[in-house]
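Okay, handing you the structure first.
As written, the chain order gives the labels A, B, C and D, with residue 1 at the start of each chain.
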Amino acid sequence: MSVSNLLENWAQVRHEHPINDKPHDPYKWAMAIDLDACTGCNACSVACYAENNLPVVGREKFQHGQQMHWMRVERYWDEDGREFPDQGFQFLPMMMCQQCEAAPCETVCPVAATNHTADGLNSQIYNRCIGSRYCSANCPFKVRYFNWYDYPTTDNVWPAEMTQQLNPDVSVRGKGVMEKCTFCVQRLSAAKVVAKGEGRIVREGEVQTACQQACPTGAISFGNLVNPESRVHKQWEAQQVVLDKDKQEKDEKEERAVLRGYRILEELRAYPSVMYLERVRESAV
Amino acid sequence: MYRYLRLPILLVGLFLAVSAYAANNSQPALTTEDGLGPQVQQPIEFPHNRHAGLHDASDPNKGGMEINCQYCHTYARRSAVAGIPPLQKCMGCHNSIDSVKDRPRIKELFKYWEAKKPIPWKKVHDLPDFVRFNHERHVKRFVEQQNRPVQEACGYCHGDVKEMTVARRQKPLAMGWCASCHEKDHPVTAEGGTPVDGQAYWYSFQKPVKTSDSALAPKAKGPNDCWQCHK
Amino acid sequence: MIDSGIDRRDFLKVLGWSGAAVALSGCGNTSIEDGKETVVSYVEANDYMVPGIGVYFNSTCAQCDAGCSINGRIREGRVLKLEGNPDSAINKGKLCGLGQAGVQHHYNPDRVREPLLRKGNKGEAISWDKAYALIAEKMAGVQGDEIALLSGGVSGHLKVLLGNYLDSLNTKNHFVYEAVAPGVVRAANQKAYGVEMPRYRLDKAKVILSFGADFLGAWVSPVHFSQQYAQFRKGVDGQRGVLVQVESKMTLTGANADRWLAVKPGTEGVLALGIINALGTAAGEVADLVKEYSLVRVSRETGVSVSQIEKVTALLKMRSPSLVLAGSAAEGYAHGSQNAAAINLLNQVLGNVGKTIEAPVSVPFPQMVPSKGNTAALKKFNDGLSAGKYKVVFSFGANPVFTAPGAFKFKDNFAKAGFKVAFAHYLDETALQADLVLPLDSALEDWGTQVPEYLTEGAQINIQQPLMEKLHANTRGVGDIVLALLKQKKSEEYKSYEDYYAYLRSALLQNKGALGGGGADDDTFWTDTLSRGIVKLAGSAVGLTGHQNVAGLKLPAVAEENEHYPLYLIPGVTASLRDGRHTNQPWLQESPDPLTTIVWDSWVEIHPKKATELGIVEGDIVEVTSRTGSVKAQVYIFPGIHPEAVSIPVGRGHDAMGRYAKGYGVNPFQIMDAVFEVETGELAMHETRVKIHKTGQRVLVVKDEGAAGALQMGRKIASRVSTDQIDLSKEV
Amino acid sequence: MKDIREDIAWAKINQDVLKSLEAPRKLYWVILFFALLAFGFGLGCEVYQYQTGMGVANLNNPQVWGLYIATFIFWIGMSHSGTLLSAILHLMHADWRKPIYRFAEAMTTFSLMTAGLFVMVHIGRLWMFYYALPYPNDRGIWPNFQSPLLWDAMAIFTYLSSSVLFLFVGMIPDLAIVRDNMHAGWRKKLYTLLALGWEGTDRQWRNFRVTYLTIACFLIPLAVSVHSIVASDFAMSQQPGWHVTSFPPYFVAGALYSGCAAIITLFIMLRYVFKFEEYMTLPILKKIVRLTFAIAMIWTYLNAVEFASVWYSHDAVSKDVLIQKMTGNYAPFWWGMIFCGSVVPLVFAFKRFQTNIPVLFATSLLLNLGMWLERWMIVAPTFSHGYYPWTWDHDQWPSMVQWGMVFGSFGWFTLLFLIFCKVFPSVSMYEVKEMVYHRTLHLKKSEAAEEGAH
């Protein structure tokens, strides 16, 4: 505590993003999301509401853009003058917090309510947040959601009966704090406690995020990027996407890469932990 | 002009001194008069001293029975939440202890049992809802790994329960208090990979120590990110 | 999972659960509180019941008829979340959004909690004894055929019990009604394959040509199909499956297609025959039938370009096996059977029967096989009502006042019935018209068995069991109610069953051998069954015919342009709201429609070309008028719809049901004309013609999509690549 | 024309200025009333927002800051000209500043106080704002010293405290005059206390001069840094339209600009309300107007630099934001800003308008409006048109609560300012005397020279 602590901590504050001098070990949680498998069914989004105590804000507030869904299922189509979007839509399953390694939100928070964990997550401490919303202002993906109202006491958000559905492992957020996707950190820490009790690290497949668990087509893989056995690791490797690059080597070659892994707004050097796989369309029809 | 400034200088100085002192002596004081923690009204005035207190050889009716904390509070070693023993646990013994069946508190107990109604115990050690505290980890570490006496291990946070009747909260259970322990007396071995070598994250209770065989298990003291305890 | 021998029913009774255990304080409370909250405490606890640790119980999802098995997470006696049961062959551990919202059905604040008896315009709470006595009283002296029961699809022991009850009443008037059901397709399949629902093997197909079958959204068994779809996309021996969707209004499946073909409404059959002709492999009768469907003619009638038809044909020729599906868009016309027959014929010509269309298995207990709901039943029921035939009417599992087409004037006819009893979860539109409302347990409190209509690997009986103590003391399981009513008639026969649970238990134990529990003792078998939540049965394969009689197959001439009502109204069935029975679950209301991203409201989808023609922009309130009636709703300009059609989603527009449903959106059923499919008598849902005009009002459409709409503005966000540019073989 | 009449008697100066503490025109009370009304309304809005949640401001997910931060920058900016007049011109020995620097310095202080309010108002959990202060605590946690917002808070606090000190120190000799001319009563006690025992001895004067000069020197870099740091709030972020290197000078220029415009407005008001025609003369006004014109042109230039650097960069996203500002929903406001900020000041180029009070009053108000729009146009379009198109906003119009607080802030500022002018001498008596004295000397000298020449 005291001044020595201040000075020491000061010196330690987020030197650089962790991958520069030492890779994460033993955990670095990451995702790979396959746009080709995603059907846009929204099961992941509902799972997130159920798992993370997200308030349903209702029509009025949704209209004002005050919705609280931690993940958005976005859909795009080509507007190139064709009469119909006859190659279907592109669904972006889940635009949620990308858990950036060099997160723009972390540096700007005046009270350090959001910061990096050793597992490579971008943590958000609700109780420390004062609601300056600077983090949201600086988030390129705009995936941080602010509690514009006191949802727990707002009519019809959680009527008495529905409070019983709330997950006790996740805080219910009051007004004036920022929140965002946590990669279901409550599940991660529960898994880590179990693993620690047995003196090992969390195994592949032992922990799933709520969205991943719900996804009927298995479009989402989540796991420990450090673990070479993990599906996520294999996918990132196969797609030649490297965490600490703002431009992947495969993209620098002249001909187009035959691989479809990419990260959104990679060039901003936030080093997101979520890799997406391009949607594929048959060329023969 | 100086005489007009004396008072402000004095006040500012006083404030700085007091706050520096307070920060270095970081135990928020308990506010009760007797210093034994706030009293909580429970449906049955449960005598912890009678159950867990020291055996009194001279008068068996006075002393305690030295029952291990974990005999009743079994959940503490199995779950993050300690919970409260089910009524069935009480009845397991009291069904066969005829000598005390006529005591008012035991009668009350039987009333609940016969009505099959759980006893509405009040929480004494009630952490704020956003705190993630894990009993299991602490019991495992102190009792199972370090072989410390159960009462000592539990007592770190729960105080000297064997001396109490109804449990009272003797420790502040505030963040600074948790940190004071984790930083000074009971460093936690982090599983490998916690940041070492000047490469820490925003908040760590103490600067991580680099060990020689860092590839295996670098040691850091205390939880090193906020999400360990905040949910 | 349960592994001890405890009887689930007992444990639930002694569970010391108090609802007040949840704190909502979240962030506000930063200090320690002393003695404010009560500890969750039990009277008795099992080994697996540890505070702070979730317990999982298996049950069956009741949000739709697909029969997914669920795995409910329970903490401190409260069910928190539903997940898929990995052991189920249907959903294999996955669950859709609708299914997950089941907890909101359970905890819904608008559930009916007491039996209600109509007193003028109000319901008066009465006791169950009084309610049963009242039913007995009203039933006295009423002839069997004056009693009718309208229900949704039922299966399992409930069906058996219900059948027994109807027999005891001496009535055959059981109308099984589902507002959105593949009734015509079932009939067409029966003709083409000899079964109503074959097993579709999407995962084995290399090409899927789907005529409006929204198998990823709301068609038959979407979670199962989605998993097969994922497999299909990965491909058989590395070749990624190709999906071509033919429909007039883009569904979720259409949005995922490699090629989406906007077809003129009602001409799906023409296109199918045109493709058969273009394939050139058919002979005999079939060749005769299709020979007049030249590419030029088909293209003219359907609006699909010649080159596109050629490409699809070439693809079908090149890649085999393929799978052709006839879905709700094809069957929704007066000539729906013909459409479906033409499409099924394409399967036959392509030789898919037996390859990607497999024989289903039969369930060893035919009495438990689901009675499949359809809309023809509603018509019969409605006719009976309008003739004033029924003195006592029961209704459950359906909300006909809401979902009957406006042209039926169902509400008025329903009022003609003498005494109307509704078993209901909510005071929905139908319950509001009833004389007696009996409150039901939620699916997470109730016992039951269910046999899914669409079976995957082998047959199975799904077990539905309570995941937690009853939320409201005075609700009853539907089985318990039927049993109680049955006891009124046959008290001797059923008096040994204390309740439906006892009935279920003994019924299952009686057939222990057949259910695979041969050697086990009763308790072990029962506990095992409950802990698994599924009874898997071998079942025997049903014979599949691959030859369709094409004699009767004749497609009508393409419909004339309708001067007064120039547009087709396509009711959109969305994956989350379906026919609107779950609209009162706020997660579903707030879950954006995948295609338009609209929430909490209805909309009218119009093609941009049509919109420009009519001078309409997004957010305009338009009046959509059919011969039957009109509704007003906001416009969403959407390119995925044929310019000659408009679409309004069904499921919203409730004027009762609860706080999350009432007053949001409009109900397109209200303006639906009564046009029927010629062969089956099913309601032709796509045959309603409408006109639209602007009202002059404009609103801001409440949607998730931002001001940039569906554009990525040059950013690489959701990127797309065509198969010839990538190499999928090295992927994990 | 002369800046001030040389023959004005010292006693008359005292008398005129002291009169402003007693009997202003009726208009004073009218303005005070409206200021109170506006402040009350703003206060009501804040109470409502505090209790209900920030949502009532009609802020939303991309548009998280809205008018609060825009108005915050506006007030911070306004503070700069006080320092310009009182400190910079002091060092440059521009003595025409003397009759007007006092109120300008007061303006600095009060606009900073108003700006501080917006930081509070915009925070989601106002009751937890102390987390942002670096106070020692038992948890051992500190604010994030990396955050520009924290630099901001510190810079503003330092600037505010220095400005208050500067204002106060500069006022000591005048307070002594007031003390000496006051009848016994609470005000006399107040001035006695505040005058810190000033007796006008040589030693006191010497110390006074040194202190005043020191603070002035200290204040100048502070003023420049404060607005640079406010600019850093934006420039240090990653957002398109904000991430611009030229932001700090651009902000400082904007700040001086809006401050000068405000000085013109307040000059005209004070001159009328407190009958300061003798001291706040048209020639002085003319100088300020010319200064403002120069700054306006600098601002216009920096604006052009910013647009050009975006336009010729390869950053398509930033370019999009710029195009959006010019053509999108915000176009009327953006063009309004260009009109008010770059076209309207051209009026100042005409000599006959440089002393035309009605024209100047109207123009200065327009300039202020333009500068407020500028701040809004910096903040809002980036939010509603950021990196991620899916979140582009379609409902960004601020609600009554936001507008209420913007109006309320003007009320609050006016209130503080008017009270100050009524309680303290808003024209520096001792410095006007100095000025008159110097001019007289100068006059005498030149007369003597003239005579000598003859």
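Things worth noting here:
Definition applied: contacts are C-beta pairs under 8 Å (C-beta built on N, C-alpha and C of every residue); 3 or more make two chains touch, one makes a residue touch a chain.
None of these values were measured; they are calculated from a predicted model.
Sorting all chain pairs by how many C-beta pairs they have in contact places A-C at the top.
Centre-to-centre separation of subunit A and subunit C, using mean CA positions: 32 Å.
One simple way to say how far apart two chains are is to compare their mean CA positions; for subunit A and subunit D this gives 43 Å. Averaging Cα coordinates per chain places subunit C and subunit D 65 Å apart.
For the pair subunit B and subunit C, the distance between mean C-alpha positions equals 52 Å. Shared interface positions of subunit A, i.e. residues touching 2 or more other chains, are given as 1-3, 9, 13-14, 63, 67, 72, 74, 95, 112, 126-129, 171-172, 177, 265. Of all residues in subunit D, those touching 2 or more other chains are 62, 125, 136-141, 144, 387-388, 390-391, 393-395, listed in ascending order. Shared contact sites, meaning residues of subunit C that touch two or more other chains, fall at 23, 25-27, 30, 52, 700, 705, 711-712, 715, 717. Viewed as a network of touching protein chains, the structure reduces to a complete graph with every chain in contact with every other. On subunit B, the positions that touch subunit A within their shared complex are 20, 23-24, 26, 80, 128-130, 132, 134, 136-137, 140, 176, 179-180, 190-204, 207, 224-228, 230-231.
Remark: subunit D residues 135-141, 144, 193, 196-197 touch subunit B in the complex.
Touching subunit A in their complex are the following residues of subunit C: 19, 22-28, 30, 52, 75-76, 78-84, 91, 93-97, 100-101, 103-104, 107-109, 216-217, 222-223, 226-227, 229-230, 233, 240, 242, 244-245, 250, 252-262, 308, 311-312, 314-315, 318, 471, 575-576, 586-592, 594-595, 597, 599-601, 609, 639-640, 659-660, 664, 700, 702, 704-705, 710-712, 715-728, 730-732. Listed in rising order, the residues of subunit D touching subunit A in the complex are 52-55, 58-65, 122-126, 128-129, 131-132, 134, 136-150, 153, 233, 236-239, 383, 386-388, 390-391, 393-395.
Considering their complex, residues 35-37, 39-43, 45-47, 49-51, 56-59, 62-63, 67, 69, 72-77, 79, 82-92, 95, 126-127, 129, 152-153, 156, 158-168, 171-174, 177, 210, 213-219, 231, 234-235, 238-239, 256, 258-260, 262, 264-265, 276, 278-285 of subunit A touch subunit C.
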